[in-house]
Amino acid sequence: MMMEQSPLALLPELCLLAGAVATLLAGSFLPRQRQWVARLIAVTALLAAAVSAALAFPGGRSRDFGPPAETVFGAFVLDTATGVTRLVVVAAVLLVIGLGVDELAGTARESETYALLLLGGLGAIVLAATDDLLVLAVAFLLASIPVYALVGMVRSPGAAEAALKTYLLGALSGILLLLGATVLSGIAGGTAYVDLATGLAAAPAAAVAVGALAVLAGLLFEAGGVPLHQWVPDATQGAGTAAAAFLTTVPKVGALVAAARLVDVLPGALSWPLLVGLLAAATMTLANLAALAQTDARRLLGWSTVSQVGYLLMPVAVVTSTSAATPALLVYLAGYAVTNLTAFAVLAAVPGARSLTDFRGLARQRPWLAAALGISLLSLVGTPPTAVFLGKLTVFTAAWDGGLAWLVVVAALNTLVSLFYYLRWLVEAFRPGEPAPTAGWAHGAALAGALGVLAVGLGAGLVTALTGDGTLG
Amino acid sequence: MTLQTMLLVAAALFSVGLYGAISQQVVVMVMMGLELMLNGVILAAAAFWWFLSPTPDGQVLLLVVITAMTVEMAMGFAVATLLHRSRQSDMTDMATDLSR
Amino acid sequence: MLTGIVFWVLAVVAVAAGVAVFRADSMARATYALAASFIAVGLVLLLVDLEFLGVITVLMMTMEMAVMGIYMIMFMGMNPALMPMDMVHGKRPALAVAIGTFVVLAAGALLVPWPTRRGAPAADLVTSLGEAIMESKMLVMMTVSPVLFATIVAALVLALPRGRYDRLGDDLRAGKAPR
Amino acid sequence: MLSSIIFLPLVAAALLAVLRVPDRVARWTWIAVTTADLALVGVLIARYETPADGGLAFEERARWIPSVNSSWHVGVDGLSVPLLALTAVVFCACAVYGLREDRRPRQHAALFLALQTTCLGLFAAQDLIVFFLFFDLSIVGMYAAIAGWGHGREAGRSALQFFLYTFLGSLALLLGFIGLYLAADPHTFDIPELIAAAPLQDHPVAGGFVLAALLVGLAVKTPTIPFHTWLPPAHTDASAIGSAVLAAVLLKMGTYGFVRIAMPALPDAWRGAAWVVLAVGIASVLYGALVALAQTDVKRMIAYTSINHMGYVVMAVGAAGLLGGGTAARELAVTGAVTQMVSHGLLTGALFLLAGVLHDRTGSYAMRDYGGLARTAPLWSGLFAVAAFGSLGIPAFSGFIAEFQVFAGSIGTTAWAAIALPGILITAALFLRALQLLVTGLPGGRSISFSDVRAVEAVPVTGLLLLSLAIGVLPWLLLDLITPASAVLVDLVGR
Amino acid sequence: MTGLLWACATVPAVVGAGLCVSGRRADRVAPAVGIVTAGVVLALSVAVALGRPATSAPFLPGAVFGLAVDALAAVVLPAVAAVTLLVLVFSAADVSGARARYTGLLLLFAAAVVVTVCATTLPALLFAWEVMGATSYALIGFRWQEPHRVGAGLTAFLTTRTADLGLYLAAGAALAGGSGLALADLPGLPAPWRDVAAAGLLVAALGKAAQLPFTAWLSAAMQGPSPVSALLHSAAMVAMGGYLLLRVSPLLGATSWAGPTAAWVGALTALLLGAVALAQRDLKQLLAASTAAQLGFVVLGAGVAAVAGGTAHLVAHAATKALLFLAAGAWLTALGTKQLPALRGAARRWPLVGVCAAVGALALAGVAPLSLWATKDAVLAGAHEESLALYLVGLAAAALSAGYAGKVLWLVWQRLPADAEAGYDTEEEGTRQVRALQQAPLVVLAAGAAVLGLLALPPVGDTLRQALDGSGPTPGLVELAVSAVVAVVVLLLVRVRPLQPLPGWLEGWLGLARATDVVVVRPVLHTAEALARFDDRVLARAVTGAGRGALRTARAAARFDDGVLDRAVAGSATAGVRLADATGRADLAGPDAAVRSLAAGTRWLGGWARRTQTGQLHQYYVSAAVVLAAALALLLAVR
């Protein structure tokens, strides 16, 4: 194992941190109407992070979680998964800022919002990249604390309630994660995953089960999976659009990669694939059923997020049994992120619309926006050639390959159910009616996102080449 | 004092805290329950460290737990304040607009 | 032997205080009970040679409870003495879950064949902790700093109803800008 | 060549969607593009030579998702060329018929052009993912066509049912594809490679499951009983063009999947399931015919006859999996199945367009609302009579050629196929009954002031019928294309 | 020469199709075009009959479209062409309205007959065979304004098509047996397939020939115009049934059962339908029944391998029956009736028609030396060789034919009653005139009916027999004499003692139509309706059923869920009771739930799923704890 101590290897993360500090500082000296400077700083930091992440992309050096190619500070893995997570998170935050400009510009907390977005993104990246329980615990805090603030930012009663729910569930999950970390490190004799891999093999199974389950529970909160998913729809509905877009996308990326890393090192004596598979099934089924009758577009997307997490847990379940799992997870994450953000961009572009019926007439008045909505919703369903189709294809393949064919069937049926509510929204958009006025930046973000959705689907070769060099499985 | 007894006490603290977190209505009281759970975790961490692997890792873990507790409590107060200001309530039961 | 007795006393205190938190008839007393529980655990930490961390725990928790008291009394305008304390719901499920959790955890604690101790504590625990923080576990501390930063920002954002533009005006020149 | 045939309509669709051209321009653009595409397909057929050793012609391959061995791989053989031609013809006919569409004609044209691309792409696809891509997109497109331009009161509902049902089928199909992919070593989605490898040859259980998934997926689309219930409402509520495209082209995707993927890639499993397929085919033939006989709504009736007609195809491909009979009989059955796909496309397309005229004039499909149309609308009556006779399998039309081959081949393979023979009879009965109710007798009800077909309606129908006639009289023109391919297919199934 | 053969088939097809398509615009020229075309066809058919070409065209893989003129075809083809021409001539004067369509369809039909006669492969045969059926439908239902005529066409088409399925079966059998689809190869099939092929062909032929039990359609077909009956139901379509059996006689002989079966079916049809004919009071119905009966002799001939006799009978009967149908048509057009009682003395009004009809009737009766006397005996000679019983049945049938022929003969030649006009115009408005163009064909046909017996008598008969049978049986002088005497005696008997009314079931064609209705049509329609209901109510809602199942599960699950959430401590006993209770209640609610759709069911499930989202934080905590505990249990239980 190569141990690198150069902080330069963490340049993207440092960019984000520095960007957050700079944004906040700048914001506190800027007049209210000139906070765009802070935004500019944040965007610059993100672009810098993106460039440095792209330059540091590990290429084809490591496809798997196995022995990492490179580790910084003994706890930060520089592998493909980290590289992809960096790019996805940075791109997602950029898109969130893009779609949130109309909503955030000129508000009292604009620069704070950007700073928190950057910090949350940073947390997600560290969460995904670490292979040490201690860093995992801290990264969990870094990823969740900005979310609490972002949810409560708009200060409406609903937002306050959502922030409360998020916080209380998050606190419990954090405690569970710490409990798990305690137990695991206690019986394994160390907190690094390499120590876990060796230490847990001979450890008592019951203790491993409790410890790993507790850590997993913490990550499930961050990802929004059963049984700690309840905050997701609430927060999505209560928070502002940009915050909702952020919290349904970025923390999930980090948490799911982290969960995959964790499951990868757990000893094979316990049936982790089965458990995670069942949790995945429960997550997607519950969320899809709950989403069926939603009339609030935001809440619908919240449940949709939970259901997507269910699909995303499938490769996590089989991460030990097939080498196709990791690339599949990364592909799906990338596809999901761009798709979900596109849907939120449409929401942001029609700020007055809350319920599905508010979108009536969209196709007539704003055909491009309706097209973007259609593309994103069909992508969420998994229609080729969109981004999530690629994700679903790879994920289903991986899960089947990993021995969870039943889960693939469950997921397919769930996809069918999900069609119901995605279609309901789409149909409303194509009905005649008078739509609410639209916002410019978000409109652009929606179009960019829709193009991204198609690009990921059509440029599938490129995407999969990034996530797992060439051969899957 | 053995590992088992310490863990037993930690489990008791954790369970009592869980009881409080579930049963209490006032946000601050729920937070107290959570703190009590963390208290159990601290004790368990100390026990594991002493009886199983007295490495520096375990100490750092304790430090992290304490940090986490502090940070979470700070956020808890902030959220409670927000709730209090925006809803004139500090009860979790009163905040159930977002459901179904 | 003495250690054992002290441990058991502290353990009983910790748990009893913990129970007392939810049986106290006022929030202030609940706060005291919680503090007592923490102090007892902090003292147990001293028993296993974790002087530094034990002291930290005691100190931090005392401070935190003080903050909590102040918060409740001064900030939220509650009179702890007068607050009715039967604000509970679903006591029975809570009890069931708590008992269930305890049974599971306790059974685990007692029945799991724990491995034997590996290695011995460093001679100077504080130094070893410091070294760990600065070397092998450096990333933990590197990450903690943005966490604290984020916490400050987040907590202020949530807790303060009035931002700088409310206090200083939109162009941040207090008093000069028309409101 | 092939890619440009596939994407020409899509490019035109995109342009129509983007540019706000006047309605007239949009309509004529539609016709022009479909005609051009038809001409291109004509060139393709003219230059087509049966590839040696069962290979593909006009093959094109480009990188797409190399990590899963999936590529943009298209190519044609004797099984796909007829269907490509059918697609081009039907869409061209629909474009002409669509001149009368006055509800959002620009979007309408764009939608159907895009739909044409999905159909052409599917029939040319030589990669499972490409196949699935077009399979799924065709569902989306058809959904939009029914929901957006359907005319039933419950068009939205029918469209949703259509979408859900066929989407379920597509998901089952996807599962089957993944199964095939994983079974192949090295993993691949490439159809020719999968066929060459026949990956699940020695795994009866896994092969059975994968085939079951494929069968369900394709059976929903075909549709066979008991997966057909989406079809009647979808047809009833779709517009004339929508119905024509749905019946003439989209249904073929299911049966095409049998001959393109399921049979050659899973020969062992297919032979094992052949009896089931055969039974389902026979049941579809009889059931579809009987239920159609009881319909009072002419469009529903035609819809059910589709189930009957597609049942012949299913029966034939089922028979092709039975090794008992001679090779010649099984080849004839497969050839008949492909012929039937084309024939059904032409004739049912014509019938649906004619039914659309009924709705256009009076808003009713109920047969008892009409009568004596031969007097008020002689041209319509003549066309309908010809289409009906063609559809019930009268010689000189393509239906006879197809059904004769299907039956001769199937019965030649297994005598059980003779059970389906009454299907021919019942179909005849129901079409004659419809003729009797609609066309003959004295004009009454809604026929009284019924105006006869206009040129834009008559021309496409006539074109379709003439093609059917051509196939019926000179079948070897078509069969020379199909026969080598079906010989290859029978050979593959017999492995 | 092959070109001529193709022309023989395609010329009428193309002209006919052209006339059909051009519609009313061509009405004026249609009769002339039709007659010219039919003339060309006749000329061509004579040419090919002499030239005997054989040809084929690519058609299906492994099966060519084969046409050839052999001895059998050489006899039948000119006959059919001649009748076609004569019928068209007659029609030019007889049929009014939509003449283009009429002529076109008739020519299409003629083309199909030409192909049928010359077909050497099954695909070609079936091709033409089905086209004959379809055109016959269109011709019977020619006056589509009247629903019962279209219905009659439907009956005819469906019945014959039912029998046609036999050809599909035969094709399958031929393929299965590996012989290819040429008719000549069929006898060489291996055992089970040979029998299947023979059975298929037999059924198809019996259907077209209106033999038992498929006879009923012929009665219905009389709704068509009389010239159509003259062509389709005497010379061409019905005759093609017999013709097919003559053609595949070697196949019938190759099996042990097919020949006798055909023979007996033919004989019984001749007998029973003879009786039916005797009972008719409608001239066309009588002629139709007689047609079936006379075709019975042809079938009998095919069954006993008396191909030459059968062929001669076929041709002679074609001329005779076409003549009689045309005469009946002439009277129908002129007098507006075809009821026998009303036709008393009709022959005396137009003597030429009457004389021709008399010749026809006498020929039909088997009076020597007219045609059917000799041809029938040629068939019966074969039957005699096969079995005496068969011969006697045939003889009885011959006697019956003399009976019904006599009935017609004496009736139309009675003195014209005073109140004759009262019986006229019952079916259509009569014109009270018979035109020259209508009479001319009658004369030709009468000549044919008179002399075509030569085909069965030496020397022509011997030549024919050598060409067809090789050395088949010839009627002895005794047999000829017996049948001639029988015919005369019966004729006179009918003259002396007019017939008593015969039982209704005979007049009603043995109740075959009703039997078909009861045994086949109604059950099929009921099944169809039942299936349609099933489809709408059950299958389309099978999804509903799934929904209902999901509903029940969901309810139980929901109860269980509530039970766990709210009463975690209440103990499993309560939960169990509640679960059972809920399941029971869901069961009671079953019928109600049955009508809900899947959407409702799923929505209900969705409601259940959303109910977990209570907004109550402590319940979230509890549920998280419960799920995690379950996960732990699972982990420890499943290893």
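Per-chain residue numbering starts at 1, and chain names A, B, C, D and E are given in the order in which the chains are listed.
Methods note: a residue touches a chain if its C-beta (ideal position, glycine included) is under 8 Å from a C-beta of that chain, and two chains touch if they have at least 3 such contacts.
All of these numbers come straight from a predicted model, not from anything done at the bench.
Please give the intersection of the contact partners of chain C with those of chain D.
Touches both chain C and chain D: A, E.
Which chain has its C-alpha centre closest to the mean of all protein C-alpha atoms shown?
D
By count of C-beta pairs in contact, what is the leading chain pair?
Per-pair contact counts point to B-C as the maximum.
Rounded to a whole Å, what is the gap between the Cα centroids of chain C and chain E?
Taking the mean C-alpha position of each chain, the two centres sit 96 Å apart.
From the C-alpha centre of chain B to that of chain C, how far is it in Å?
Roughly 7 Å separates the two chain centres.
Counting only Cα atoms for the centres, state how far chain A is from chain C in Å.
The answer is 30 Å.
From the C-alpha centre of chain B to that of chain E, how far is it in Å?
90
Name the residues of chain D that each touch 2 or more other chains.
In chain D, no residue touches two or more other chains.
Among the residues of chain B, which are close enough to touch at least two other chains?
If we look for residues of chain B contacting two or more partner chains, we find 14, 18, 21-23, 30, 47, 49, 52-53, 55, 57, 60, 64, 67, 71, 75, 78-80, 82, 85, 92-93, 95-99.
Using the touch definition from the top, which residues of chain C touch two or more other chains?
Each of 89-90, 93-95, 97, 101, 104-105, 108, 114-115, 118-119, 136-137, 140, 144, 147, 151, 154-155, 157-158, 161 in chain C touches at least two other chains.
Can you identify all of the chain pairs that touch?
A-B, A-C, A-D, A-E, B-C, B-E, C-E, D-E
Across the complex, what residues on chain C touch chain A?
Touching chain A: residues 104-105, 108, 111-115, 118-119, 136-140, 142-144, 146-147, 149-151, 153-155, 157-158, 161, 163-166, 170-172 of chain C.
Where on chain E does chain A make contact in their complex?
Listed in rising order, the residues are 599, 602-603, 605-610, 612-613, 615, 617, 620-621, 623-624, 626-628, 631-632, 634-636, 638-639.
Which of the residues in chain C come into contact with chain E in the complex?
Where chain C meets chain E, its residues are 89-90, 92-97, 100-101, 104.
Show me the residue ranges of chain A that touch chain B in the complex, using the header's touch definition.
Those in contact with chain B are residues 133-134, 137-138, 141, 145, 148-149, 152, 155-165, 167-168, 171-172, 174-175, 178-179, 181-183, 185-191, 233-234, 237-238.
Quick one: which bits of chain C touch chain B in the complex? Just the residue numbers, please.
Within the complex, chain C contacts chain B at residues 3-4, 7-8, 11, 14-15, 18-19, 21-22, 27, 30-31, 34, 37-38, 41, 44-45, 47-50, 53, 56-57, 60, 64, 67-68, 71-72, 75-76, 87-91, 93-95, 97-99, 101-102, 105-106, 108-110, 114-115, 117-122, 125, 128-129, 131-133, 136-137, 140, 144, 147-148, 151, 154-159, 161.
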